[in-house]
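I've put the structures underneath this note.
Next come two complexes built around chain A: one with chain B, the other with chain C.
Let's turn to the complex of A and B:
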(Lines of atoms letter the chains of each structure in order from A and count residues from 1; the text may use other names and numbers.)
(Lines give C-alpha, C1' and ligand atoms only; values in the text may rest on other atoms or scores of the structure.)
Protein backbone atom coordinates (compact mmCIF):
# COMPACT_ATOMS: atom_id res chain seq x y z
CA UNK A 1 0.00 0.00 0.00
CA UNK A 2 1.39 3.44 -0.93
CA UNK A 3 2.04 5.40 2.26
CA UNK A 4 0.25 8.70 2.77
CA UNK A 5 1.43 11.15 5.45
CA UNK A 6 -1.73 10.44 7.42
CA UNK A 7 -1.21 6.69 7.35
CA UNK A 8 -1.76 5.04 10.73
CA UNK A 9 0.17 1.90 11.51
CA UNK A 10 -0.52 -0.44 14.40
CA UNK A 11 1.56 -3.43 15.40
CA UNK A 12 -0.70 -5.53 17.60
CA UNK A 13 -0.27 -8.86 19.38
CA UNK A 14 -2.41 -11.52 17.72
CA UNK A 15 -4.86 -11.75 20.58
CA UNK A 16 -8.47 -10.74 20.92
CA UNK A 17 -7.53 -8.90 24.10
CA UNK A 18 -6.77 -5.76 22.10
CA UNK A 19 -9.83 -5.72 19.85
CA UNK A 20 -11.07 -2.79 21.93
CA UNK A 21 -7.82 -0.90 21.26
CA UNK A 22 -8.11 -1.53 17.54
CA UNK A 23 -11.74 -0.45 17.57
CA UNK A 24 -11.00 2.73 19.52
CA UNK A 25 -8.18 3.64 17.10
CA UNK A 26 -10.44 3.20 14.08
CA UNK A 27 -13.22 5.21 15.73
CA UNK A 28 -10.81 8.03 16.53
CA UNK A 29 -9.31 7.99 13.03
CA UNK A 30 -12.72 8.20 11.36
CA UNK A 31 -13.92 10.88 13.78
CA UNK A 32 -11.33 13.30 12.33
CA UNK A 33 -12.47 12.76 8.73
CA UNK A 34 -14.79 15.56 7.66
CA UNK A 35 -18.10 15.04 5.94
CA UNK A 36 -18.60 11.32 6.51
CA UNK A 37 -22.25 10.36 6.00
CA UNK A 38 -23.80 8.87 9.15
CA UNK A 39 -20.39 9.05 10.88
CA UNK A 40 -21.35 7.06 13.96
CA UNK A 41 -22.83 4.19 11.96
CA UNK A 42 -20.01 4.26 9.40
CA UNK A 43 -17.41 4.13 12.18
CA UNK A 44 -19.25 1.26 13.91
CA UNK A 45 -19.50 -0.71 10.69
CA UNK A 46 -15.82 -0.27 9.85
CA UNK A 47 -14.84 -1.14 13.41
CA UNK A 48 -16.99 -4.29 13.30
CA UNK A 49 -15.69 -5.40 9.89
CA UNK A 50 -12.04 -4.95 10.91
CA UNK A 51 -12.76 -6.62 14.26
CA UNK A 52 -14.05 -9.67 12.39
CA UNK A 53 -11.00 -9.93 10.13
CA UNK A 54 -8.64 -9.47 13.09
CA UNK A 55 -10.44 -12.14 15.15
CA UNK A 56 -10.32 -14.41 12.11
CA UNK A 57 -6.53 -13.97 11.90
CA UNK A 58 -6.17 -14.73 15.61
CA UNK A 59 -8.26 -17.89 15.33
CA UNK A 60 -7.22 -19.23 11.93
CA UNK A 61 -3.85 -17.81 10.87
CA UNK A 62 -2.33 -18.24 14.32
CA UNK A 63 -4.68 -20.82 15.84
CA UNK A 64 -4.78 -18.77 19.03
CA UNK A 65 -0.98 -19.16 19.39
CA UNK A 66 0.22 -16.46 21.78
CA UNK A 67 3.25 -14.97 19.99
CA UNK A 68 1.87 -13.86 16.61
CA UNK A 69 1.62 -10.24 15.51
CA UNK A 70 -0.83 -8.43 13.27
CA UNK A 71 0.26 -5.36 11.34
CA UNK A 72 -2.64 -3.01 10.70
CA UNK A 73 -2.31 -0.08 8.30
CA UNK A 74 -5.11 2.47 7.98
CA UNK A 75 -5.02 5.11 5.25
CA UNK A 76 -7.41 7.67 3.88
CA UNK A 77 -7.09 7.79 0.08
CA UNK A 78 -8.66 10.28 -2.30
CA UNK A 79 -10.33 10.28 -5.74
CA UNK A 80 -12.59 8.67 -4.77
CA UNK A 81 -12.29 9.16 -1.05
CA UNK A 82 -11.94 5.82 0.64
CA UNK A 83 -10.54 4.21 3.72
CA UNK A 84 -7.95 1.54 2.97
CA UNK A 85 -7.15 -0.91 5.73
CA UNK A 86 -4.58 -3.68 5.49
CA UNK A 87 -4.12 -6.43 8.04
CA UNK A 88 -1.02 -8.58 7.62
CA UNK A 89 0.11 -11.62 9.55
CA UNK A 90 2.76 -14.31 9.29
CA UNK A 91 0.44 -17.20 10.10
CA UNK A 92 -1.08 -20.09 8.20
CA UNK A 93 -2.95 -19.69 4.93
CA UNK A 94 -6.70 -19.18 4.97
CA UNK A 95 -9.12 -20.12 2.23
CA UNK A 96 -12.04 -17.67 2.35
CA UNK A 97 -13.86 -19.76 -0.24
CA UNK A 98 -14.33 -22.50 2.33
CA UNK A 99 -16.41 -20.18 4.50
CA UNK A 100 -20.08 -20.60 3.74
CA UNK A 101 -22.55 -17.75 3.93
CA UNK A 102 -24.76 -17.92 7.01
CA UNK A 103 -28.00 -19.83 6.56
CA UNK A 104 -30.61 -17.34 7.72
CA UNK A 105 -33.38 -19.95 7.61
CA UNK A 106 -31.62 -22.16 10.14
CA UNK A 107 -29.75 -19.91 12.49
CA UNK A 108 -26.25 -21.10 13.25
CA UNK A 109 -23.63 -20.39 15.83
CA UNK A 110 -20.71 -19.60 13.51
CA UNK A 111 -20.18 -18.08 10.08
CA UNK A 112 -21.20 -14.45 10.58
CA UNK A 113 -17.72 -12.92 10.74
CA UNK A 114 -16.75 -12.80 7.06
CA UNK A 115 -20.36 -12.21 6.08
CA UNK A 116 -20.38 -9.07 8.22
CA UNK A 117 -17.03 -7.84 6.87
CA UNK A 118 -18.13 -8.34 3.27
CA UNK A 119 -21.54 -6.79 3.90
CA UNK A 120 -20.26 -3.70 5.68
CA UNK A 121 -17.32 -2.86 3.43
CA UNK A 122 -17.05 -2.18 -0.29
CA UNK A 123 -14.25 -4.65 -0.88
CA UNK A 124 -12.59 -7.42 1.12
CA UNK A 125 -9.63 -9.10 -0.55
CA UNK A 126 -7.49 -11.87 0.88
CA UNK A 127 -3.97 -12.36 -0.48
CA UNK A 128 -1.67 -15.23 0.42
CA UNK A 129 1.90 -13.89 0.45
CA UNK A 130 5.17 -15.88 0.67
CA UNK A 131 5.61 -14.99 4.33
CA UNK A 132 2.02 -14.77 5.50
CA UNK A 133 -1.36 -13.31 4.68
CA UNK A 134 -2.73 -9.89 3.87
CA UNK A 135 -6.32 -8.72 4.00
CA UNK A 136 -7.08 -5.55 2.01
CA UNK A 137 -10.26 -3.77 2.98
CA UNK A 138 -11.85 -0.78 1.26
CA UNK A 139 -14.67 1.44 2.43
CA UNK A 140 -15.71 4.38 0.24
CA UNK A 141 -16.61 7.42 2.29
CA UNK B 1 -62.60 -30.38 47.40
CA UNK B 2 -59.58 -32.08 45.93
CA UNK B 3 -57.95 -29.45 43.75
CA UNK B 4 -54.86 -31.48 42.81
CA UNK B 5 -53.06 -28.18 42.68
CA UNK B 6 -49.53 -28.10 41.44
CA UNK B 7 -47.31 -25.12 40.87
CA UNK B 8 -44.87 -24.82 37.98
CA UNK B 9 -42.19 -22.21 38.20
CA UNK B 10 -40.01 -21.57 35.19
CA UNK B 11 -36.93 -19.68 36.17
CA UNK B 12 -36.38 -16.57 34.10
CA UNK B 13 -33.11 -14.68 34.07
CA UNK B 14 -32.52 -11.14 32.86
CA UNK B 15 -28.97 -10.34 31.83
CA UNK B 16 -28.05 -6.77 30.97
CA UNK B 17 -24.38 -6.39 30.00
CA UNK B 18 -23.12 -2.84 29.80
CA UNK B 19 -19.81 -3.29 27.98
CA UNK B 20 -18.84 -4.18 24.46
CA UNK B 21 -19.16 -7.89 23.70
CA UNK B 22 -16.42 -9.15 21.42
CA UNK B 23 -14.29 -12.20 20.77
CA UNK B 24 -12.22 -11.45 23.88
CA UNK B 25 -14.98 -11.41 26.48
CA UNK B 26 -17.68 -13.44 24.70
CA UNK B 27 -16.35 -16.65 26.34
CA UNK B 28 -16.96 -15.06 29.75
CA UNK B 29 -20.57 -14.30 28.82
CA UNK B 30 -21.00 -17.80 27.40
CA UNK B 31 -19.71 -19.36 30.63
CA UNK B 32 -22.05 -17.21 32.74
CA UNK B 33 -25.04 -18.21 30.60
CA UNK B 34 -24.04 -21.88 30.65
CA UNK B 35 -23.91 -21.67 34.43
CA UNK B 36 -27.46 -20.27 34.48
CA UNK B 37 -28.75 -23.06 32.21
CA UNK B 38 -27.06 -25.69 34.32
CA UNK B 39 -28.57 -24.03 37.39
CA UNK B 40 -32.06 -24.52 35.99
CA UNK B 41 -32.85 -21.25 34.21
CA UNK B 42 -34.91 -21.81 31.09
CA UNK B 43 -36.08 -18.39 30.00
CA UNK B 44 -33.64 -15.62 29.27
CA UNK B 45 -33.95 -11.94 28.56
CA UNK B 46 -30.73 -10.60 27.07
CA UNK B 47 -31.02 -6.88 27.52
CA UNK B 48 -28.66 -5.31 24.99
CA UNK B 49 -29.81 -1.75 25.74
CA UNK B 50 -26.42 -0.63 27.04
CA UNK B 51 -24.20 -2.82 24.89
CA UNK B 52 -22.18 -0.40 22.76
CA UNK B 53 -20.69 -3.01 20.43
CA UNK B 54 -21.50 -6.62 19.56
CA UNK B 55 -19.39 -8.74 17.21
CA UNK B 56 -19.98 -12.14 15.65
CA UNK B 57 -18.44 -13.93 18.65
CA UNK B 58 -21.01 -12.23 20.87
CA UNK B 59 -23.76 -13.10 18.42
CA UNK B 60 -22.59 -16.71 18.48
CA UNK B 61 -23.10 -16.73 22.26
CA UNK B 62 -26.67 -15.53 21.78
CA UNK B 63 -27.43 -18.25 19.21
CA UNK B 64 -25.85 -20.91 21.41
CA UNK B 65 -27.99 -19.78 24.33
CA UNK B 66 -31.10 -19.88 22.16
CA UNK B 67 -30.41 -23.43 21.05
CA UNK B 68 -29.61 -24.63 24.56
CA UNK B 69 -32.62 -22.89 26.11
CA UNK B 70 -35.00 -24.27 23.48
CA UNK B 71 -33.54 -27.76 23.91
CA UNK B 72 -34.62 -27.48 27.55
CA UNK B 73 -38.08 -26.19 26.68
CA UNK B 74 -37.18 -22.58 27.29
CA UNK B 75 -36.56 -19.55 25.10
CA UNK B 76 -34.62 -16.30 24.77
CA UNK B 77 -35.85 -12.75 24.25
CA UNK B 78 -33.57 -9.94 23.15
CA UNK B 79 -33.94 -6.28 24.05
CA UNK B 80 -32.85 -4.01 21.22
CA UNK B 81 -29.57 -2.16 21.77
CA UNK B 82 -29.78 1.62 21.94
CA UNK B 83 -26.90 1.96 19.48
CA UNK B 84 -28.51 2.36 16.06
CA UNK B 85 -25.60 0.72 14.22
CA UNK B 86 -25.94 -2.36 16.43
CA UNK B 87 -29.68 -2.45 15.72
CA UNK B 88 -28.92 -2.46 12.01
CA UNK B 89 -26.52 -5.39 12.42
CA UNK B 90 -29.25 -7.36 14.20
CA UNK B 91 -31.52 -6.72 11.21
CA UNK B 92 -28.74 -7.49 8.70
CA UNK B 93 -28.12 -10.89 10.26
CA UNK B 94 -31.88 -11.45 10.60
CA UNK B 95 -31.51 -12.04 14.32
CA UNK B 96 -34.72 -10.06 14.75
CA UNK B 97 -36.54 -12.91 13.01
CA UNK B 98 -34.85 -15.68 14.96
CA UNK B 99 -35.25 -14.06 18.36
CA UNK B 100 -38.34 -12.37 19.75
CA UNK B 101 -37.29 -8.77 20.17
CA UNK B 102 -38.50 -6.22 22.71
CA UNK B 103 -37.85 -2.56 23.35
CA UNK B 104 -37.41 -3.01 27.10
CA UNK B 105 -36.63 -5.83 29.51
CA UNK B 106 -40.04 -5.30 31.14
CA UNK B 107 -41.78 -5.78 27.80
CA UNK B 108 -39.71 -8.88 27.12
CA UNK B 109 -40.74 -10.38 30.47
CA UNK B 110 -44.42 -9.76 29.78
CA UNK B 111 -44.01 -11.53 26.46
CA UNK B 112 -42.98 -14.85 28.06
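Let's turn to the complex of A and C:
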Protein backbone atom coordinates (compact mmCIF):
# COMPACT_ATOMS: atom_id res chain seq x y z
CA UNK A 1 0.00 0.00 0.00
CA UNK A 2 1.42 3.40 -0.98
CA UNK A 3 1.76 5.46 2.17
CA UNK A 4 0.07 8.85 2.44
CA UNK A 5 1.55 11.25 5.02
CA UNK A 6 -1.58 10.85 7.13
CA UNK A 7 -1.35 7.07 7.17
CA UNK A 8 -2.03 5.57 10.59
CA UNK A 9 -0.07 2.51 11.62
CA UNK A 10 -0.77 0.37 14.68
CA UNK A 11 1.27 -2.55 15.93
CA UNK A 12 -1.10 -4.40 18.24
CA UNK A 13 -0.75 -7.54 20.34
CA UNK A 14 -2.90 -10.28 18.80
CA UNK A 15 -5.40 -10.43 21.60
CA UNK A 16 -9.04 -9.41 21.76
CA UNK A 17 -8.14 -7.24 24.73
CA UNK A 18 -7.06 -4.56 22.24
CA UNK A 19 -10.21 -4.57 20.12
CA UNK A 20 -11.37 -1.44 21.96
CA UNK A 21 -8.09 0.33 21.15
CA UNK A 22 -8.41 -0.56 17.48
CA UNK A 23 -12.03 0.57 17.45
CA UNK A 24 -11.26 3.89 19.13
CA UNK A 25 -8.45 4.62 16.67
CA UNK A 26 -10.67 3.88 13.68
CA UNK A 27 -13.45 6.06 15.09
CA UNK A 28 -11.06 8.95 15.66
CA UNK A 29 -9.49 8.56 12.20
CA UNK A 30 -12.86 8.59 10.43
CA UNK A 31 -14.08 11.50 12.56
CA UNK A 32 -11.32 13.65 11.03
CA UNK A 33 -12.56 13.02 7.48
CA UNK A 34 -14.86 15.76 6.21
CA UNK A 35 -18.09 15.12 4.40
CA UNK A 36 -18.66 11.48 5.28
CA UNK A 37 -22.32 10.57 4.85
CA UNK A 38 -23.87 9.47 8.15
CA UNK A 39 -20.45 9.60 9.84
CA UNK A 40 -21.41 7.83 13.07
CA UNK A 41 -23.06 4.90 11.31
CA UNK A 42 -20.26 4.70 8.75
CA UNK A 43 -17.61 4.71 11.46
CA UNK A 44 -19.48 2.10 13.50
CA UNK A 45 -19.89 -0.23 10.53
CA UNK A 46 -16.22 0.07 9.52
CA UNK A 47 -15.20 -0.54 13.12
CA UNK A 48 -17.39 -3.65 13.26
CA UNK A 49 -15.97 -5.04 10.01
CA UNK A 50 -12.34 -4.47 11.06
CA UNK A 51 -13.12 -5.87 14.52
CA UNK A 52 -14.32 -9.10 12.86
CA UNK A 53 -11.15 -9.47 10.78
CA UNK A 54 -8.92 -8.74 13.79
CA UNK A 55 -10.77 -11.27 15.97
CA UNK A 56 -10.52 -13.77 13.12
CA UNK A 57 -6.73 -13.31 13.07
CA UNK A 58 -6.52 -13.76 16.84
CA UNK A 59 -8.58 -16.96 16.77
CA UNK A 60 -7.45 -18.59 13.53
CA UNK A 61 -4.06 -17.21 12.45
CA UNK A 62 -2.63 -17.34 15.96
CA UNK A 63 -5.03 -19.82 17.60
CA UNK A 64 -5.26 -17.50 20.62
CA UNK A 65 -1.50 -17.87 21.20
CA UNK A 66 -0.38 -14.92 23.35
CA UNK A 67 2.70 -13.66 21.48
CA UNK A 68 1.38 -12.77 18.01
CA UNK A 69 1.18 -9.26 16.61
CA UNK A 70 -1.17 -7.61 14.16
CA UNK A 71 0.06 -4.73 12.03
CA UNK A 72 -2.81 -2.43 11.08
CA UNK A 73 -2.43 0.32 8.46
CA UNK A 74 -5.23 2.82 7.84
CA UNK A 75 -5.16 5.46 5.12
CA UNK A 76 -7.51 7.67 3.19
CA UNK A 77 -7.06 7.43 -0.59
CA UNK A 78 -8.57 9.72 -3.19
CA UNK A 79 -10.13 9.41 -6.67
CA UNK A 80 -12.36 7.84 -5.64
CA UNK A 81 -12.23 8.66 -1.96
CA UNK A 82 -11.92 5.48 0.02
CA UNK A 83 -10.62 4.17 3.29
CA UNK A 84 -7.96 1.49 2.89
CA UNK A 85 -7.22 -0.75 5.83
CA UNK A 86 -4.64 -3.52 5.90
CA UNK A 87 -4.24 -6.04 8.69
CA UNK A 88 -1.13 -8.22 8.55
CA UNK A 89 -0.05 -11.09 10.76
CA UNK A 90 2.61 -13.78 10.81
CA UNK A 91 0.27 -16.60 11.76
CA UNK A 92 -1.13 -19.64 10.02
CA UNK A 93 -2.67 -19.47 6.58
CA UNK A 94 -6.40 -19.00 6.24
CA UNK A 95 -8.52 -20.21 3.35
CA UNK A 96 -11.54 -17.92 2.98
CA UNK A 97 -12.97 -20.32 0.39
CA UNK A 98 -13.60 -22.86 3.14
CA UNK A 99 -15.83 -20.43 5.04
CA UNK A 100 -19.46 -21.22 4.30
CA UNK A 101 -22.06 -18.49 3.99
CA UNK A 102 -24.31 -18.36 7.06
CA UNK A 103 -27.41 -20.49 6.95
CA UNK A 104 -30.14 -17.97 7.70
CA UNK A 105 -32.75 -20.68 8.08
CA UNK A 106 -30.90 -22.01 11.11
CA UNK A 107 -30.16 -20.25 14.41
CA UNK A 108 -26.42 -20.39 13.87
CA UNK A 109 -24.14 -19.39 16.75
CA UNK A 110 -20.82 -18.93 14.94
CA UNK A 111 -19.63 -18.20 11.43
CA UNK A 112 -20.78 -14.62 10.88
CA UNK A 113 -17.46 -12.74 11.13
CA UNK A 114 -16.29 -12.78 7.54
CA UNK A 115 -19.85 -12.46 6.28
CA UNK A 116 -20.27 -9.27 8.34
CA UNK A 117 -16.98 -7.79 7.10
CA UNK A 118 -17.95 -8.48 3.49
CA UNK A 119 -21.43 -7.06 4.04
CA UNK A 120 -20.22 -3.84 5.65
CA UNK A 121 -17.29 -3.04 3.35
CA UNK A 122 -16.91 -2.64 -0.40
CA UNK A 123 -14.02 -5.07 -0.75
CA UNK A 124 -12.38 -7.67 1.49
CA UNK A 125 -9.33 -9.41 0.05
CA UNK A 126 -7.16 -12.01 1.72
CA UNK A 127 -3.57 -12.49 0.55
CA UNK A 128 -1.26 -15.24 1.74
CA UNK A 129 2.26 -13.80 1.85
CA UNK A 130 5.56 -15.71 2.36
CA UNK A 131 5.80 -14.54 5.96
CA UNK A 132 2.15 -14.38 6.93
CA UNK A 133 -1.25 -13.11 5.92
CA UNK A 134 -2.62 -9.77 4.82
CA UNK A 135 -6.23 -8.65 4.71
CA UNK A 136 -6.94 -5.65 2.47
CA UNK A 137 -10.18 -3.86 3.19
CA UNK A 138 -11.78 -1.03 1.22
CA UNK A 139 -14.67 1.23 2.09
CA UNK A 140 -15.67 3.96 -0.38
CA UNK A 141 -16.65 7.17 1.40
CA UNK B 1 -17.72 -3.15 29.85
CA UNK B 2 -19.81 -3.31 32.99
CA UNK B 3 -21.88 -6.39 33.78
CA UNK B 4 -24.50 -6.40 36.52
CA UNK B 5 -27.15 -8.94 37.40
CA UNK B 6 -30.49 -8.55 39.12
CA UNK B 7 -33.39 -10.86 39.98
CA UNK B 8 -36.97 -9.85 39.27
CA UNK B 9 -39.03 -12.73 40.64
CA UNK B 10 -38.11 -15.76 38.58
CA UNK B 11 -36.42 -13.68 35.89
CA UNK B 12 -32.68 -12.98 35.87
CA UNK B 13 -31.81 -9.60 34.40
CA UNK B 14 -28.38 -8.95 32.94
CA UNK B 15 -27.45 -5.29 32.55
CA UNK B 16 -24.64 -4.74 30.06
CA UNK B 17 -22.91 -1.40 29.62
CA UNK B 18 -20.36 -0.31 27.04
CA UNK B 19 -18.56 -2.36 24.46
CA UNK B 20 -19.67 -6.00 24.08
CA UNK B 21 -17.07 -7.75 21.93
CA UNK B 22 -14.92 -10.89 21.64
CA UNK B 23 -12.95 -9.84 24.71
CA UNK B 24 -16.05 -9.58 26.89
CA UNK B 25 -18.11 -12.44 25.45
CA UNK B 26 -16.40 -15.20 27.52
CA UNK B 27 -17.39 -13.42 30.78
CA UNK B 28 -21.02 -13.29 29.66
CA UNK B 29 -20.97 -16.99 28.71
CA UNK B 30 -19.47 -17.79 32.12
CA UNK B 31 -22.31 -15.83 33.72
CA UNK B 32 -24.87 -18.21 32.20
CA UNK B 33 -23.35 -21.06 34.18
CA UNK B 34 -24.24 -19.32 37.45
CA UNK B 35 -27.86 -18.57 36.56
CA UNK B 36 -30.47 -19.84 39.00
CA UNK B 37 -33.22 -19.58 36.37
CA UNK B 38 -33.73 -20.25 32.67
CA UNK B 39 -35.81 -17.09 32.29
CA UNK B 40 -33.37 -14.37 31.34
CA UNK B 41 -33.71 -10.78 30.18
CA UNK B 42 -30.71 -8.91 28.79
CA UNK B 43 -30.68 -5.12 29.02
CA UNK B 44 -28.79 -3.75 26.02
CA UNK B 45 -29.68 -0.09 26.61
CA UNK B 46 -26.11 0.77 27.54
CA UNK B 47 -24.36 -1.36 24.93
CA UNK B 48 -22.55 0.86 22.47
CA UNK B 49 -20.95 -1.83 20.30
CA UNK B 50 -21.57 -5.51 19.56
CA UNK B 51 -19.59 -7.91 17.38
CA UNK B 52 -20.26 -11.46 16.20
CA UNK B 53 -18.68 -12.98 19.32
CA UNK B 54 -21.12 -11.00 21.45
CA UNK B 55 -23.97 -12.13 19.24
CA UNK B 56 -22.72 -15.72 19.61
CA UNK B 57 -22.71 -15.31 23.40
CA UNK B 58 -26.33 -14.16 23.32
CA UNK B 59 -27.40 -16.84 20.84
CA UNK B 60 -25.69 -19.57 22.85
CA UNK B 61 -27.34 -18.28 26.00
CA UNK B 62 -30.74 -18.19 24.35
CA UNK B 63 -30.35 -21.79 23.16
CA UNK B 64 -29.23 -22.86 26.61
CA UNK B 65 -32.25 -21.21 28.24
CA UNK B 66 -34.64 -22.82 25.76
CA UNK B 67 -33.10 -26.25 26.35
CA UNK B 68 -33.90 -25.72 30.04
CA UNK B 69 -37.50 -24.77 29.35
CA UNK B 70 -37.01 -21.01 29.51
CA UNK B 71 -35.87 -18.28 27.15
CA UNK B 72 -33.56 -15.31 26.83
CA UNK B 73 -35.20 -12.06 25.79
CA UNK B 74 -33.56 -8.79 24.88
CA UNK B 75 -34.60 -5.20 25.27
CA UNK B 76 -33.55 -1.64 24.45
CA UNK B 77 -31.23 -2.33 21.53
CA UNK B 78 -29.64 0.93 20.49
CA UNK B 79 -29.69 1.93 16.83
CA UNK B 80 -26.04 1.20 15.87
CA UNK B 81 -26.15 -2.22 17.53
CA UNK B 82 -29.19 -3.23 15.48
CA UNK B 83 -27.09 -3.61 12.32
CA UNK B 84 -25.64 -6.94 13.44
CA UNK B 85 -29.11 -8.33 14.19
CA UNK B 86 -30.35 -7.15 10.80
CA UNK B 87 -27.46 -8.46 8.70
CA UNK B 88 -27.42 -11.86 10.43
CA UNK B 89 -31.26 -11.87 10.63
CA UNK B 90 -30.97 -12.76 14.29
CA UNK B 91 -33.86 -10.40 15.06
CA UNK B 92 -35.99 -13.38 13.94
CA UNK B 93 -34.43 -15.72 16.50
CA UNK B 94 -34.79 -13.49 19.58
CA UNK B 95 -37.81 -11.89 21.15
CA UNK B 96 -36.79 -8.24 21.40
CA UNK B 97 -38.68 -5.63 23.42
CA UNK B 98 -38.48 -1.88 23.87
CA UNK B 99 -38.62 -1.88 27.67
CA UNK B 100 -37.67 -4.04 30.63
CA UNK B 101 -41.29 -4.18 31.80
CA UNK B 102 -42.39 -5.63 28.46
CA UNK B 103 -39.54 -8.12 28.37
CA UNK B 104 -40.17 -9.36 31.93
CA UNK B 105 -43.94 -9.44 31.46
CA UNK B 106 -43.50 -11.59 28.33
CA UNK B 107 -42.62 -14.54 30.58
CA UNK B 108 -46.08 -14.45 32.17
CA UNK B 109 -48.06 -14.31 28.91
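The rule we apply is simple: the second predicted complex is superposed on the first by the 141 of 141 C-alpha atoms of A that agree within 3 Å, B and C clash if a C-alpha of one lies under 4 Å from a C-alpha of the other, contacts with A are read in each partner's own complex, and residues count from 1 in each chain.
Convention: a residue touches a chain if its C-beta (ideal position, glycine included) is under 8 Å from a C-beta of that chain, and two chains touch if they have at least 3 such contacts.
The structure presented is a predicted model; accordingly, all values stated were derived computationally and were not measured.
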item	value
Partner chain(s) touched by A:138 [first = chain B, second = chain C, both, neither]	neither
Chain B versus chain C as contact partner of A:77, first or second or both or neither	neither
Partner chain(s) touched by A:45 [first = chain B, second = chain C, both, neither]	both
Partner chain in contact with A:33 - chain B first, chain C second, else both or neither	neither
Touching partner for A:8 - first (chain B), second (chain C), both, neither	neither
Which of chain B and chain C A:99 touches, first, second, both or neither	neither
Common interface positions of chain A, toward chain B and toward chain C	15-17, 19-20, 23, 40-41, 44-45, 47-48, 51-52, 55, 58-59, 102, 104, 107-110, 112-113, 115-116, 119
Residues on chain A engaged by chain B in the complex (per definition of touch)	15-17, 19-20, 23, 40-41, 44-45, 47-48, 51-52, 55, 58-59, 102, 104, 107-110, 112-113, 115-116, 119
Residues on chain A engaged by chain C in the complex (per definition of touch)	15-17, 19-20, 23, 40-41, 44-45, 47-48, 51-52, 55, 58-59, 102, 104, 107-110, 112-113, 115-116, 119-120
Chain A-facing residues of chain C, complex	19, 21-23, 49, 51-53, 55-56, 59-60, 62-63, 80, 83-84, 87-90, 93
Chain B to chain A touching residues, read off their complex	20, 22-24, 53, 55-57, 59-60, 63-64, 66-67, 83-86, 88-89, 92-95, 97-98
